[in-house]
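The following pair of complexes shares a single chain, subunit A, combined with subunit B in the former and subunit C in the latter.
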Partner chain A sequence: MSTDNGPSAEVLDGMEDFVAEVRAFLEAHATRLPVDDGAVEWGRGEDSIAYFPDDPPDVDERKVTAAREWQKTRYDNGFGWITGPAEYGGRALTSLHDMVYDGLEAEYDVPDTGVLSLIGLGMIGPTILTHGTPEIKRRHLPALYSGRSIACQLFSEPAAGSDLASLETKAVRDGDEWVLTGQKVWTSVARHAQLGMALTRTDPDKPKHRGITAFLVDMSAPGVDVRPLRQMSGGSEFNEVFLDDVRVPDDHRLGEVDGGWTVALTTLMNERASVGGEGAGPAGKAVSVGFLAALMREFGQADDAALRRRLGELHADQAATAYLNRQAVRRMRAGVQPGPEASVSKLMYGQNLTRGAHFAAEVLGPRLAADTGAWGAYSWNELLLATPALRILGGTEEIMKNILAERVLGLPKEPGIDTRTPFRELRRSHQGGTP
Partner chain B sequence: MITSPTSTAEPTGDGPGLDPATVELLTGSLRELFAESTDASAVSAALAELGWTEVVAADPSSATTILFTEQGRALADPRILDDVLLDLLDPVLPASHGPRAVLYPHPVPAEDAGTVRGVLLGAVGEDTELVAPRRGADGATELVVLPAAAGSSTDLTGFDPGTALRLVEIPAAAATARRTGPAAAQAWTRAEAAGRRALASAIAGVCEAALAQAIAHVTARVQYSKPIGAFQAVRHRMSEAHVAVTATRRTVAAAWAAGTDATGGAWEARIAKYRAGRAQAEVLRHTVQVLGAMGLTLESDMHRFVTRGALLDLLLGDHRSLGQEIGADLLTGAAARPVVEI
Partner chain C sequence: MSETAGQSELDDLRGSVRDFLSAKSGEEQVRRVMESETGYDEAVWAQMADQLGLQQLVFPEEHGGYGFGFAELSVVLQEMGRALLPSPFLSSVVLAGSALLAADDAAAAAAHLPGIASGKTIATLAVAGESGSWDPTALPVVGTRADDGWRLGGTTWFVLDGATADLLLVAATTDAGPSLFAVSGTAAGLTRTALRTLDPTRRQARLDLDGVVGTPVGALGGAAPVLDRVLDLAMTALAAEQVGGARACLETSAAYARDRVQFGRPIGSFQAVKHKCADMLVRVQLADAAAQEAAEAAAGLPGRAPLAEAAAVAHAVCSESYLFTAAENIQVHGGIGFTWEHPAHLYFRRAKSSQLLFGGPAGYFGRVLDRAGV
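Our next item is the complex of A and B:
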């Protein structure tokens, strides 16, 4: 059970002025939530524990608007981009200030800004800051961090998942422009996005990592077609994005021509750092041992010895994950950036949610598959069906284990030919046409 | 990297205490010390020479964590565990008349209520006083001091030939001292918590050494023209083992941070011991498997880690019973403590 209500005293040390400023801002613009004492009130309120929201379009739209407005309020008051450089609208403070702000804001009832922050502000913003020209930074960074622009990641493709560098979407130069053609997939927030960061193949005769170029694509440009994918858990978190002769000016390029892999690595590093540490909202609360214990009592299984042992197991694993995350925070405080070890937290986090959902499935039995109307029973199907996603998104479990094996344990790499062979000659999932 | 000679134990290292360089230095000294001898009395003498008491006084969490991690790695005699418990038990007991040893609770208590049944970590002399916890008539834990000479003891070395455990049965009536009441019960709670933290570190050490050996093997062993560690089925096992050990070490560090309350951090220590016990089951299953048939023979050392891991799991509560206890406490809500702030 996690009790991360606000930042720890250790983190707050020496930040009194900043804390006071944040408090004043939040008091002026938001309402404080009642203190969460972790107590479980069975049968009260909504019992939805969806990991991925499944809102009707108008509700979805309203939430996005609220997110944009709250981000603008943050930005106008100096909290839109706490770690960003001042010339692009940032506050030029440390990631600890950022964490302190997040911790304090969690005590208030404010709109969820995940639609902006997870991809756009968390991953693409830092990538633009590292690789963009001054002109690109001026054009996009203030827009992103003030909530005007939402960004998505046009990375994965039907034939390029874990092996992202085998992507096939091609970009062909035409004067001062590039013409992009191909298909992207698993694209979160694409329907709401104004900006897409696309990885494309610009030279199939080079080895796969060396013929990739990154572009910033205007999502409203002719030829961009976004189609939602429905998930088994409900909701459509992901989309397919078709690019059909989409024209992108050369000054929208990020990094060098054929130097896109370096750019992509910046984005991916920020992705791994964010997935392992994120909170899980209602799902996190549902798999807390307090809630699961209430579930056992409610459905008459409190005396089952095997389930008791598993409850203890879940508690120990959740505690261990919380300790690992706090250690990461402490290391960040000491100026150490998250390394391959972050994969340990990510693996455990996905497993904790999955095991919690499986535990509930065992307690509930048939009530999970058929809606009997009992509060807090059938609703678990949303989480149970969503947990596989936790073990896939942001790098699959298998890839995480490979990273640990190679970079932490020092095991030999899998001997591959793909660092030397031209991309054109590599075997791929489907051999449809020459890129 | 797990095979590096630097400290893989994870002392809390945040508060005042030993700095990382000192911890590394001490880890190196301990590793040499255990490489020279794994015998209990030789280790105790070498520790005294090293001034270990002062190291413990300066930073108990780091000192105990690295000592027991190294003890586990070296598969050394586990008898130094007695010192950890006696440190907390002696103050509530009468002055000793000879050497003392802890009689650890046997998972199956004696059928006859008048008999104390327990496990000694090694053979003791006739003049030794055995200190044992016992459930009193009122259900509370009490402490008894029993003369070793009054009991019968049998060999318990079957599972792990590297240890000399003894199963002891003594009539409770032979007790030379008995301490009841809250102070005695609390002393045992605190001693048990300290013992569980030390055992969790020892198990982490066993797992680390086994994992290092497995990693060395899968890196050197070539099949299908490549090291078998390049196959995902193999490397994923190693990564899962690493996750289990890392989680254990972190949980032990957190348990130390919680160890200052009246119960001596009993709740967190039990979680740490539970986590370690489960880790050894997971880790050793993986390390044995990747060694192939070589891991099954006595020519490989792997069996020693397997038996030692299982043995340490049984002391002061095996992971199956502890998991069930934690779950039961969570259900009653009595001990639903939040995750400790570290």
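Our next item is the complex of A and C:
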């Protein structure tokens, strides 16, 4: 692909002062990476195509500490929260400035701050900003954006996946406090988090969307139990979080009592679109046409007509997805409201990685099924075993398609009784998720 | 011109072309014209030039054009694809026009482009043999020097609008290498045979040349880079047409899924149908992005992928996406979609036929890899 991840010249246009400031900051605090010319040097570097990190606890801990420290450095220099309001530690600039900063920072060797940014800064911070009281904002926003506090999202439950509004974790009022009991699941970064945003059922006699309340939970409070959840790829990126009579003060409530669905929608809307995501990281590089062609050469199949045909199909879709992403950025810059590009991009991102992994498997044959020790062979399993998740997380493919068809094409919703009936009377999966 | 200003002008252009085509080339007219002998409506063709200036759009002013680029042309082609307009626009304006511009031959351009731009001359480009390949080293026509000029001999196939065009640009092998020649549609020794076609809205012909007089266009032996450039632009143009057709299929399906009631519900409320429509939307958006990238690359806008890459990608993605949406459109409609009266088959025919132009899937996937350096 002839694309890079840096900001294009036109995005930088008119931002010379900001660019100079960012450059000066990065030069002072980080080392510039060598320019990536896309050339593949087979056999060089770490033999890993990790999608979900699977580090031993000490390495994991070190990475989280490095992430917090880098976020603090950003924050102390005015880049911790570029779009946020000044009174809570933000810089009050536009999302375009944010994009420019990200593009420039990608040229430098800096710690990956995903543990803070994907959930806490990208989704929960904006939710607190929209729905928090001034006291909540003062207490939590500077802490989040300076790297002191990591936040996680206590949303999904064993019996509430795609149908998030059918969640069952109970919150019962007790004077100035609420008592929370229930189980959350698929919680990223919970092990490192100081703060959790929990959705709870406060009135089961109302229809499901109208009896939900949102709280900020202190993850170190008594009764909060975080247990790693081992996923099919082997690592434990996610967790289960058990809440057992966890007491939460009423001033930690986000939004109105029974008004939590509105709060949740804010969080979900801020779920960062994966626009521009492909091409980044070891997985994106591995499925690039250059790398897959090198794989074919390395394993003696450069001229296999059937494989070449499949590679052509894959690369055409990858390139078109990259065009779609770049055009979305251009439109955003021109102030045009985003269309369905983000959802299309997410679906294509998952499909392209999945097809890339299966393509590699066909090239490798038995070398994928059993480790021969060859560089760049058995390590494809890391990506292959992660790909089923790409069709599930952040909204399953099926839910994404419902949203596209209903919101873009205006197709009618599935008729149902579940939005009118009191939650208590709805048929639900058994608690604990067993059928 | 800033991008936003450009966008509103493009929207205006789209609106006027759509209005024109829905008035002049609705389904009824398309069906009438596709049964006619020439396969296009001469009155509508003339109005396209005289009222909207569509044929003039991309040609330089010195040749009677308006000097716009592929960004504008792409919008026009999308609307033509959407309306299934039967016309020699792709062959005359895109294939022949691009060949004359790419050949860098001032005399030939001056002789032919004003006619093409005004719509008075209909031209086309003849390259392929019976395999359909555009390989310049395997051209089916041979050009030989005679005392009084050049003579062409051989049989060329799948010439778009070849039976009706006034001017034929014929690629031929010569002792100097692959070369381009201008041939009159009424030349002695030329036999033109209209072929039966899968897509009744786009005509194809076989040309048998037996000692036909041809005038060289561009440098003798210099046709290979010209054909390569023309192919990039032709793929870019075709991709725009394909996106227009694919979007029409998507919109028709979505409208039908909203209205058609079975089992007491609109069928679009069933996920089996809803997800089909969402899949179509995804492919259309992807095709649209690819076609747009290629058009903007052809227009020379900065920051786009190289034309050679984007054109091949667009041709591949738009061909696959159009065929997918045209087939799914029939499925969403069920039995009614399989009738002759329903337009779904016309889109299916156009989609399959377009996919097979310029070398077909083997050609475009090969070109995609070639342009990626693999």
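Criterion: the second predicted complex is superposed on the first by the 413 of 435 C-alpha atoms of A that agree within 3 Å, B and C clash if a C-alpha of one lies under 4 Å from a C-alpha of the other, contacts with A are read in each partner's own complex, and residues count from 1 in each chain.
Quick note on the criterion: a contact is a pair of C-beta atoms (placed from the backbone, for glycine too) under 8 Å apart; a residue touches a chain by one contact, two chains touch by 3 or more.
In this text, all values refer to a predicted model and were calculated from it rather than measured experimentally.
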| subunit A superposed: clash or fit between subunit B and subunit C? | clash
| request: Considering only touches as defined above, state whether A:352 meets subunit B (first), subunit C (second), both or neither. | output: neither
| message | Applying the document's definition of touch, where does A:379 land relative to subunit B and subunit C: first, second, both, or neither? | response | neither
| query | Should A:233 be classified as contacting the first partner (subunit B), the second (subunit C), both, or neither? | reply | neither
| request: For A:308, decide between first (touching subunit B), second (touching subunit C), both and neither. | output: both
| Which of the two partners, first being subunit B and second being subunit C, lies in contact with A:387: first, second, both, or neither? | neither
| said: After the superposition on A, what does A:334 contact: first (subunit B), second (subunit C), both or neither? | reply: second
| request: Using the superposition on chain A described above, determine whether A:149 touches subunit B (first), subunit C (second), both, or neither. | output: neither
| field | subunit B and subunit C contact sites that coincide on subunit A, given as residue numbers | value | 1-3, 8-9, 289-290, 293, 308-309, 311-313, 315-317, 319-321, 323-324, 326-327, 330, 341, 344, 347-348, 398, 400-402, 404-406, 408-415
| task | Flag every residue of subunit B that touches subunit A in the complex, lowest number first. | result | 1-3, 14, 215, 218-219, 226-227, 229-232, 235-236, 238-240, 242-243, 246-248, 250-251, 253-254, 271, 274-275, 278, 320, 322-328, 330-331, 333, 336, 338-339, 341-342
| Contacting residues of subunit C [partner subunit A, same complex] | 3-4, 7, 250, 254, 257-258, 265-266, 268-271, 273-275, 277-279, 281-282, 285-287, 289-290, 292-293, 302-303, 305-306, 309-310, 312-314, 316-317, 320, 362, 364-366, 368-369, 372-374
| message | Give the list of subunit A residues in touch with subunit B in this complex. | response | 1-3, 8-9, 38, 289-290, 293, 296-297, 302, 305, 307-313, 315-324, 326-327, 330, 341, 344, 347-348, 398, 400-402, 404-406, 408-415
| query | Of all residues in subunit A, which touch subunit C in the complex? | reply | 1-3, 8-10, 289-290, 293, 308-309, 311-313, 315-317, 319-321, 323-324, 326-327, 330, 334-336, 339-341, 344, 347-348, 398, 400-402, 404-406, 408-415
